[in-house]
Amino acid sequence: MSEAVLVEDRIIDTLIRLDPLADLPRTGWLLRGVRPCESIADHSFGVALVAMLLTDALREEGQVVDGERVLRMALVHDAPEARTGDVPMPVKSAEVERALDEVDARLARELLPDEQYSSWREAEAAESLEARIVKAADKLQMMIKAHVYERQSRGHLEEFWHNPKNFRDMDLPLARRVYDRICERAGRERPG
Amino acid sequence: MSEAVLVEDRIIDTLIRLDPLADLPRTGWLLRGVRPCESIADHSFGVALVAMLLTDALREEGQVVDGERVLRMALVHDAPEARTGDVPMPVKSAEVERALDEVDARLARELLPDEQYSSWREAEAAESLEARIVKAADKLQMMIKAHVYERQSRGHLEEFWHNPKNFRDMDLPLARRVYDRICERAGRERPG
Amino acid sequence: MSEAVLVEDRIIDTLIRLDPLADLPRTGWLLRGVRPCESIADHSFGVALVAMLLTDALREEGQVVDGERVLRMALVHDAPEARTGDVPMPVKSAEVERALDEVDARLARELLPDEQYSSWREAEAAESLEARIVKAADKLQMMIKAHVYERQSRGHLEEFWHNPKNFRDMDLPLARRVYDRICERAGRERPG
Amino acid sequence: MSEAVLVEDRIIDTLIRLDPLADLPRTGWLLRGVRPCESIADHSFGVALVAMLLTDALREEGQVVDGERVLRMALVHDAPEARTGDVPMPVKSAEVERALDEVDARLARELLPDEQYSSWREAEAAESLEARIVKAADKLQMMIKAHVYERQSRGHLEEFWHNPKNFRDMDLPLARRVYDRICERAGRERPG
Amino acid sequence: MSEAVLVEDRIIDTLIRLDPLADLPRTGWLLRGVRPCESIADHSFGVALVAMLLTDALREEGQVVDGERVLRMALVHDAPEARTGDVPMPVKSAEVERALDEVDARLARELLPDEQYSSWREAEAAESLEARIVKAADKLQMMIKAHVYERQSRGHLEEFWHNPKNFRDMDLPLARRVYDRICERAGRERPG
Amino acid sequence: MSEAVLVEDRIIDTLIRLDPLADLPRTGWLLRGVRPCESIADHSFGVALVAMLLTDALREEGQVVDGERVLRMALVHDAPEARTGDVPMPVKSAEVERALDEVDARLARELLPDEQYSSWREAEAAESLEARIVKAADKLQMMIKAHVYERQSRGHLEEFWHNPKNFRDMDLPLARRVYDRICERAGRERPG
């Protein structure tokens, strides 16, 4: 997004560009009969909440976390989906992954102001502690949601509990402990 | 899909694999505020109707069309979306297109029996007269739906009428004439 | 529908007339708490899939089936519902049935071009092998859907499994075997 | 419904039998792109409101109205739809009408306790002043709702304003005056 | 609402003011994962049905009940929610209750004609036999609905069965017996 | 919320307590016929986006803003609505406001960990620059959304543009300029 625009337009246009996130469903739930299900914006809100709570817990353990960067990344990590919707990719070769990453990067560039585009890239890189918090929060939100939907008898979510990729912890022991606790509450074994 | 399975299981499993098409929305409508909107199955049904009517009209013109092949292709042309949802691809480099085609082909292979997989491939190739009918019907259904949604004040669909790709005619003069008539009724100029 | 109209208008108007099928729910699911549920168009799409798969299986058994006629009938068999919605008729005297058939026939006549009206009538007559395939597919799709909805905890569908009319097989041994397999998977006894 | 049942069961079972009215849509709105739209229970609630307000106005004019009978009829006038859904009947021969009335009567008998069945029959007969109030209210609610939906840009309701049957006044001058006022507000001419 | 308005406008405006009740959900169900759930209008319709059936049963016991007043109160008891939506108040101090009652009274005054405002006030006072019938019906409808939703696997409603306030009987032994029967059917113990 | 709980449980329970925000609609849209409409979580996500963009713009102007505090407040500012839903309060006396604030405070206390409860209180106080950014963002998101819904023909939102309270700027000149630009784009005069 060109930054030569007025700051007022930058704010309004970014909102309008990301607006579809509130109307677009998280496809994975629909595929399993949760209908209606949360939107991508609902999900992003939840990821930001988890990331904020992880930040607090890590600080209590004595770690230094840049909380603003964490929250900024959480808010924009799914921004490109405002154009493509949420796309489960069940068949991911290295080549496909590279091609889709390229699409996402171009869309992020188009949709976001510079500052937010940087956040999106840092989240994608998944290297900094802050980015790893967001990446872990992305899946933690999903598994807590799966647990809630199951208690509400919404959809058939059995396979969520068997896929090790849904328990991505980004080498954060705290994330691992939260997954363990979710599984315990849901009466499931954690895979892998 | 392995064909060593019982024929009864082949029928049931194919239905179950394609079942999500009835719960998955056509993303393009959601992006523009049509909510709720038609499902991918609703769309595929409409494409089959248009393809059937085009077949009748072409036969009246004296052309020879294999109607069964047309309808078989129409029914399975979006089958891979039962796994990925409907994915608008606003940024399509040749590389991205190739990568996604590969994903679709693998999914079609997994989801469909041999007979249906052949139909899917023929539709993708877009070469035979029958496949071209289906490819044109895919967009004709979309533009007729856009016209209906507009009359019902559902969503902001202006940009649909300005994108030449939405008027794909596959070199079928009949398809061109139908697009012209849709535009006439909608009070728009056809782009390009 | 008068055939004096232009072929372009015939195609567009038929689509517009049948368009409500994508917005109209299958009432039987709503009555039992599946909300939202599939549309009539979703259902018709599924019936066409089953009919196509039955056709393949019957051909493998050596039978001769006109596949185009099967698919054409599947696509239009519920066309009159574009005006009335899907109407469960729990109290069916012979007189009521006759009266409703008459309404349906008049609506089919109004909604469909000649070619499609013939298909609708052949399906209604339920005599040819092709029509019997469609009539069996109509219920097979329904029972597979009931099984899927149950696995997804959508609605209270118990009574579906106790109604012998839901297992209409039109004297096709293949259809009977598929019903048996669905019941087996759903852990139910087939009634009657 | 047999009255030999316990009074507690009579209450609970009547509620359960009529419960689908809250999940079933008014089909006429769906046919014109209002989705989601009001349920049959929403409609019946509105009809009871209008009938109550008409009763007050008629009493102010000096007429004697049995208000309890009016409200009881309004509440159960669409009870049979709990089994069939709301069925627009675009093609109504005398024979069809007779057959459907018979179905409705049988369903009303099955669904309702004696007292409510009597109310349903009185409403159907459409002769008493009280029944005429309900019959007029049935359409008045519909036209006020059409006006509200139009202001909210929901659906394409043009044809509602051209069908004289939608302005059924049951020879009540008050009803006529209310229709006139609705048309005035909606900027339409009243047909016929 | 000022009564100097024309009677036609009084009828139309009251309908329009209460119209949102058909679009507004009963929040308590949404909070527990029933989505979509009944509207406030659906609920009010059900309360009127229960109140009518209680009236019949009390009359059979020899009590004198003004049925018209009962039904009028049932229809307007939630009228203020047309402005605020259905608001569960989990934290109710005496002061909060007083403040909210004041808001409701002002809204009822604005929304309703004189006659209906009187009914609303009588229902709020909860003293007359007729008002007590409506107040009991308000919760009886809710618990029957909870039972129906549970059978349909919609939402997680466990806590409804443990809250004694949901079994408000207004000192009507009949209401108590109906609650007992609902619990018996749902396989639950009645709390308190 | 007692902090003696395990950190893992604190994270999971906070998510579960706030989970209804994704199923609860923003009532103001429903009241005006936008159905379905955004959830409270969708809204909170949007408020966080606006607050983030305002932060960037204020920093460009040379102001010092604690971005983490801004985003933390934006994420939890509507937390109590996870229990009550979104409640428009059209009749607000000082007493009512005080009573409701008390309810909200108690709910915030119950729902949120200490850290988040502090953020909620700071946002409520609306004094710090960071809190004022969030309070302005709360309405800016709403008016941008109104503009988007209008372009999509969803609902009748006219009165939104006439209510000066919808243009709360918290004495931030930047916010005022953004409101001006929204009105300009929507072709409206800003009230007051």
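Chains: A, B, C, D, E and F, in written order; residue numbering restarts at 1 for each.
By definition in this document, contacts are C-beta pairs under 8 Å (C-beta built on N, C-alpha and C of every residue); 3 or more make two chains touch, one makes a residue touch a chain.
On a predicted model such as this, the values are computed, not experimentally measured, just so you know.
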| item | value |
| --- | --- |
| Mutual neighbours - chains that touch chain B and chain E alike | A, C, D, F |
| Between chain B and its twin chain F, rotation from the CA superposition, multiple of 5 degrees | 120 |
| Copies chain C and chain E touch via same or different residues, half shared test | different |
| Winner on C-beta contact pairs when A-F is weighed against A-E | A-F |
| Chain C-chain F separation of Cα centroids, rounded to whole Å | 48 |
| Rounded Å distance, chain D centre to chain F centre (Cα mean) | 41 |
| Chain D-chain E separation of Cα centroids, rounded to whole Å | 22 |
| Chain E: positions in contact with at least two other chains | 33, 35-36, 148, 153-154 |
| Touch-based graph of the chains, sorted into line, ring, star, complete or other | other |
| Contact pairs between chains, per stated definition | A-B, A-C, A-E, A-F, B-C, B-D, B-F, C-D, C-E, D-E, D-F, E-F |
| Chain A partner contacts - residues on chain B that touch it in the complex | 20, 23-25, 27, 30-31, 33, 35, 83-91, 93, 95-96, 98-100, 102-103, 106-107 |
| Chain C contact footprint on chain A (complex, rising order) | 32-36, 153-156 |
| Of all residues in chain D, those that touch chain F in their complex | 36, 148-149, 151-154 |
| Of all residues in chain A, those that touch chain F in their complex | 6-12, 14-16, 18-19, 21-22, 36, 38-39, 41-42, 44-46, 48-50, 52-54, 56-57, 60, 67-68, 71-72, 75, 113, 115-116, 140-141, 144-145, 147-148, 174, 177-178, 180-182, 185 |
